[in-house]
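Okay, got some structures for you below.
Both complexes shown next keep chain A, but they swap its partner, so chain B is in the first and chain C is in the second.
Let's turn to the complex of A and B:
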């Protein structure tokens, strides 16, 4: 029996208010297109409109950000398919900031260059906003269908953006590789989702991870591995990282910046949410499931970081070097995500904070490094590091700023990268022996990475400028003189110092990490102070099968939360599972 | 395992369903093999059609009429025709040979075997609930249910799918658009 057909219900005002950032992005896309039509002679209008959208998005995130934080819970809206918690909202703030910086960087790079016709600018802006919409949903997804749709919304425009310089062979090749690897990864992911649905009988992430409670079945494990394959593609984590350097090289610098920061960030947030939910369920049993997940994700991250660093050393072109560096950086974050799989350690809040902090730092240092690499390679006419010899004399400010970003990526104390890695290491260190092993991997990798982060600086500072270098330098395209790109770099440098010297950065980010949590409260009807509800019985999906066979039927969860802000770790609502 | 599954599905007309299931399964399986082994790209497309049609038949047997219809319309109809058109329009010689080299073949075989064993173990050990895949017999309008779910439980996914279509349209439009001639662009866009 199917039971009653569910009523088609309209979203409530609360729900609409909480998805405001996504609505802003969607409306922004339409406005960009319409603005392009309305203001024909002025091609800059759509770009400005896209920037306004990003700023409006930030405001929208700001408005939705603090409300759940006050209640100390996350909001599960649209039948628990989206989670609007401070963790996701903070990422969305970073995302909007990234779009804004990328657009500004784009203005500095492309004006007057031949890559993109002015008639193509609205398309570019629209694709950027569309990809951002997908990433924003990815950060909030609590349901496999939303994960899939959001992943596609983020990926499809990225494929086009990667090949946006469609008259260049390299761009077309990059885009093609991206599409093919993406299609395979998505196919595997969907297959994994179908296995997980078969194993758990639900599309909800919490029900799926909850299905591992009675022990991990082979079908669940295979499904989970396939699902993580899809995540790994977005993260450009090691078995599926091949697209990353090629795409970064074939795409314009601004697209590479966007993909390296926003796309990876969204995937890290999604992975963190998934593993955190897993930790909340399995951790209370402290069984081997948590250990398996810890080992799996930890090794996954360690291999990614090590491989990225090893290959980065061999690169001679600055952009490929930065691409492999971003693979390694993603690996560091994945290693910290592993800490979430054992909630028994009670440090998931700290881990969340550390991940958010690292994402913030990563945004600043990566956007900065890419911006300056773009300017310097545009000015020198080549991306080979050896061709940038002696640039300290030519462009001292830019080289010094690039040095700051590269050393921050390495993790020099007083710069953001150091504190970020420190927090990651602290989180990992609490995991016992595996954690210590992860810390060692992080440390060795960090020391090793110094070798290639110093390489461009060695060429620019210590090598003499070749004869005739002046002529090359002045022959660079005029875009590299624009102060706009430099402005982005200076803002990013300020960000790196702000986080590195810890001028309030940690205390700002901590509440967002700490309230990321496991509370299970629907917004339909205001949540009372203590809520007891059985989620699975209300789930229409599971009505599709007889109740005796529903895996979730035996689970009744008691959720309690208090509204007051308790210090670290104890703020998130405690969830008790009675099997 | 398979027998059990099929019997559950077709509890009313046992053996007809069983025969049909093996028919469709054999159609899918054999043509999938032929697809992989054939060196001719057009033949591959035809074998792909048979595979997809066989899967659609299995969907019908499982009582998922909508899914089967979508499979037929979208995959057998749309995607396949698109593939054939794509091949015919883009390659100089549509009867191109795309036989893999020996090394590729061996690697593919190893990977496929590992995957097949992995999946077989996983599915056989799963003990899927018997009624998990079957739609109930007494409601002939499962489509109505899917529609209602799309507008309630999965509203977000449904709405965002619309946005995906918009983005994909913009992206495709961008990729196929010809370059505007430089002088024309200068005149209309006010470029210096």
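Let's turn to the complex of A and C:
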């Protein structure tokens, strides 16, 4: 693989074209820093450059996202270490949109505030793009080494971003807690990866998952548990969720928004890819590993959702409440990911679609809720919900918009959150008894969550404004009147209605889910010889095998597929080490 | 007695257990970071040992496969990067709180 690389293994144009979004982000980081040097005295320049990078990234994703879709395959590039499929590309589009919205939100919040010095602005923009680069790679990772590097590329800038306002006590504490928990999770994950390598002899995720087909060995199981510990940290799923509220509260609002949407989204996509491999492999082999995965991931998600909701009820500060709510939302998505682990049911495509749909909705409603929570708490001078009493009279538009986002997070029909949860429930419901149990958990959690989503609204709408409230309001910072942040909220509200009323959202997203994942075993004509990719040619009903590999430059370790029943795309790896 | 794969794996398991014990018992942020380093190096030993002794493969041109060894290099680099970021954050925390005791980091809770 990496030993004595023959000269023909240099990246091809196709490969470089397919990683264009990542290249754009990398170049953007350099340009932001150089632009900051060139335009001294104008601190806004790097921020604008970062926004331009995000837009260029969207264009780049747009150029690459339909190519794999047309081909109907998952493109495996760079020695099968990166998977460029419509699923990952759609997430990257959401990621770029998140960066753009977060930067605009940041402008709305920070104008006139002096706690982030202009000399730190280029660092801020560069770190944001760097973290996004890691998340983007994470969404495509198909190799343990890439998983590790991408996760660290995403995490290290996030640790710094959490404490980017150096003089804030809470920021210092948040970033220290974040870096410690993150380092522990990375350590455990690396040790788990080494055990998985030992158990399977490969760094490829598919070979590792396939190794379970000959019976799960203890070393493999322990390694897999440690690997999922690392995933749980990024997902803020229950055993490792406790950093999330502390970091969200101590970090600036915009960083909290970014972490809650982008970081969790990337982790969900990675988890989906991993679990989908279990589904693809387990069909031909009684599904022992797939079943274990279904139970494990399902319980993991159910516990996360329940715990997040229970603790959110106790919160009195709006940001902590939103942090626990985001833990619960991640739990819902993890529960749907569990559906991917069942092979042969043929609805992995639907599950992929449901997850993408939920990620889209979640992006809009969470960015919107965080933006308005930031504006209202900046104006009221406190994040305590009780201090926001009677704000409907002072800022009607903002409170109504916040209400829309909170009710969407709960899942009120006509809002995006409802349709998102509906799709998740449909996917879970097809899993038999376990699926019904998951749907019940989702339903109970949803009803329960209404209690705390209504809490800030209760204070803002039904409680009378306290005496002297006007004085507090006028003492609030000057920045909260900026229309920029409100613009972000309105765009997000439009997104919530667009998805909730299903004005073309489902039909837009469906193709990305449907061609993803197990699309890799779908058939396709002969590829151009120059394209380095592995396509599994599906003969009528048997013998899945690699049909095209570049002669001479073939992969040093190939997994041979000799699956037996092809209809559902089930695979069985027979050997790992090459000739 | 030949030193075989099992010896390396047991060594790394002991190292990993020590790392986890350090992470759980130390209250000093630097102590926790040292525990993480132990765990990362346990992973590194495993990778090299498995690569050399268990999963010996060759590339098409006959050269031995070095994926585990290369992974170890990346672990070393990542450990350095993580330590650099973590130490900067600890310093910032120390400047604010005059301590790097993690038990005192309790202003954020609820």
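In the analysis below, the second predicted complex is superposed on the first by the 509 of 579 C-alpha atoms of A that agree within 3 Å, B and C clash if a C-alpha of one lies under 4 Å from a C-alpha of the other, contacts with A are read in each partner's own complex, and residues count from 1 in each chain.
Criterion: a contact is a pair of C-beta atoms (placed from the backbone, for glycine too) under 8 Å apart; a residue touches a chain by one contact, two chains touch by 3 or more.
Just so it is clear, the structure is predicted and the values come from calculations on it, not from any experiment.
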Exercise for the section: Applying the touch criterion given at the start, work out whether A:194 contacts chain B, chain C, both or neither, answering first, second, both or neither. Expected result: second
Exercise for the section: Go through the superposed model and pick first if A:173 touches only chain B, second if only chain C, both, or neither. Expected result: second
Exercise for the section: Using the touch definition from the top, say if A:119 reaches chain B (first), chain C (second), both or neither. Expected result: first
Problem - First, second, both or neither for A:316, with chain B first and chain C second - result: second
Practice task
For A:163, decide between first (touching chain B), second (touching chain C), both and neither.
Solution key: both
Practice task
Return first, second, both or neither, reflecting whether A:152 touches chain B, chain C, both chains, or no partner chain.
Solution key: both
Practice task
Examine A:386 and indicate which partner it touches, taking first as chain B and second as chain C; both and neither are also allowed.
Solution key: neither
Practice task
Residue by residue on chain A, keep only those touching chain B in one complex and chain C in the other, then list them.
Solution key: 1-2, 6, 145, 148-149, 152, 156, 159-160, 163, 166-167, 195, 198, 201
Fill in the blank from the handout: The residues of chain C that touch chain A in their complex are 9, 12, 16, 19-20, 23, 29, 32-33, 35-37, 39-40, 42-47, 50-51, 54-55, 57-61, 63-68, 70-71, 74-75, 78, 81-82, 85-86, 88-90, 92-93, 95-97, 100, 102, 105, 107-110
Completion exercise
chain A residues touching chain C in their complex are 1-4, 6, 144-145, 148-149, 152, 156, 159-160, 163, 166-167, 169-170, 172-177, 179-180, 183-184, 186-188, 190-191, 193-195, 197-198, 201-203, 245-246, 249-250, 314-317, 320, 552-554, 556-557, 577-578
Exercise for the section: Write out the stretch or stretches of chain A touching chain B in their complex. Expected result: 1-2, 5-9, 11, 19, 26, 29, 33, 40-43, 78-79, 81-82, 117-120, 123, 126-127, 130-131, 133-134, 137, 143, 145-146, 148-150, 152-153, 156-157, 159-160, 163-164, 166-167, 195, 198-199, 201, 217-219, 221-223, 540-541, 545-546, 549
Exercise for the section: Spell out the residues on chain B that touch chain A in their complex, using ranges where they run on. Expected result: 118-119, 121-123, 125-126, 128-133, 135-136, 138-139, 142, 144-145, 148-149, 151-157, 160-161, 163-164, 166-168, 170-171, 173-175, 177, 179-180, 185, 188-191
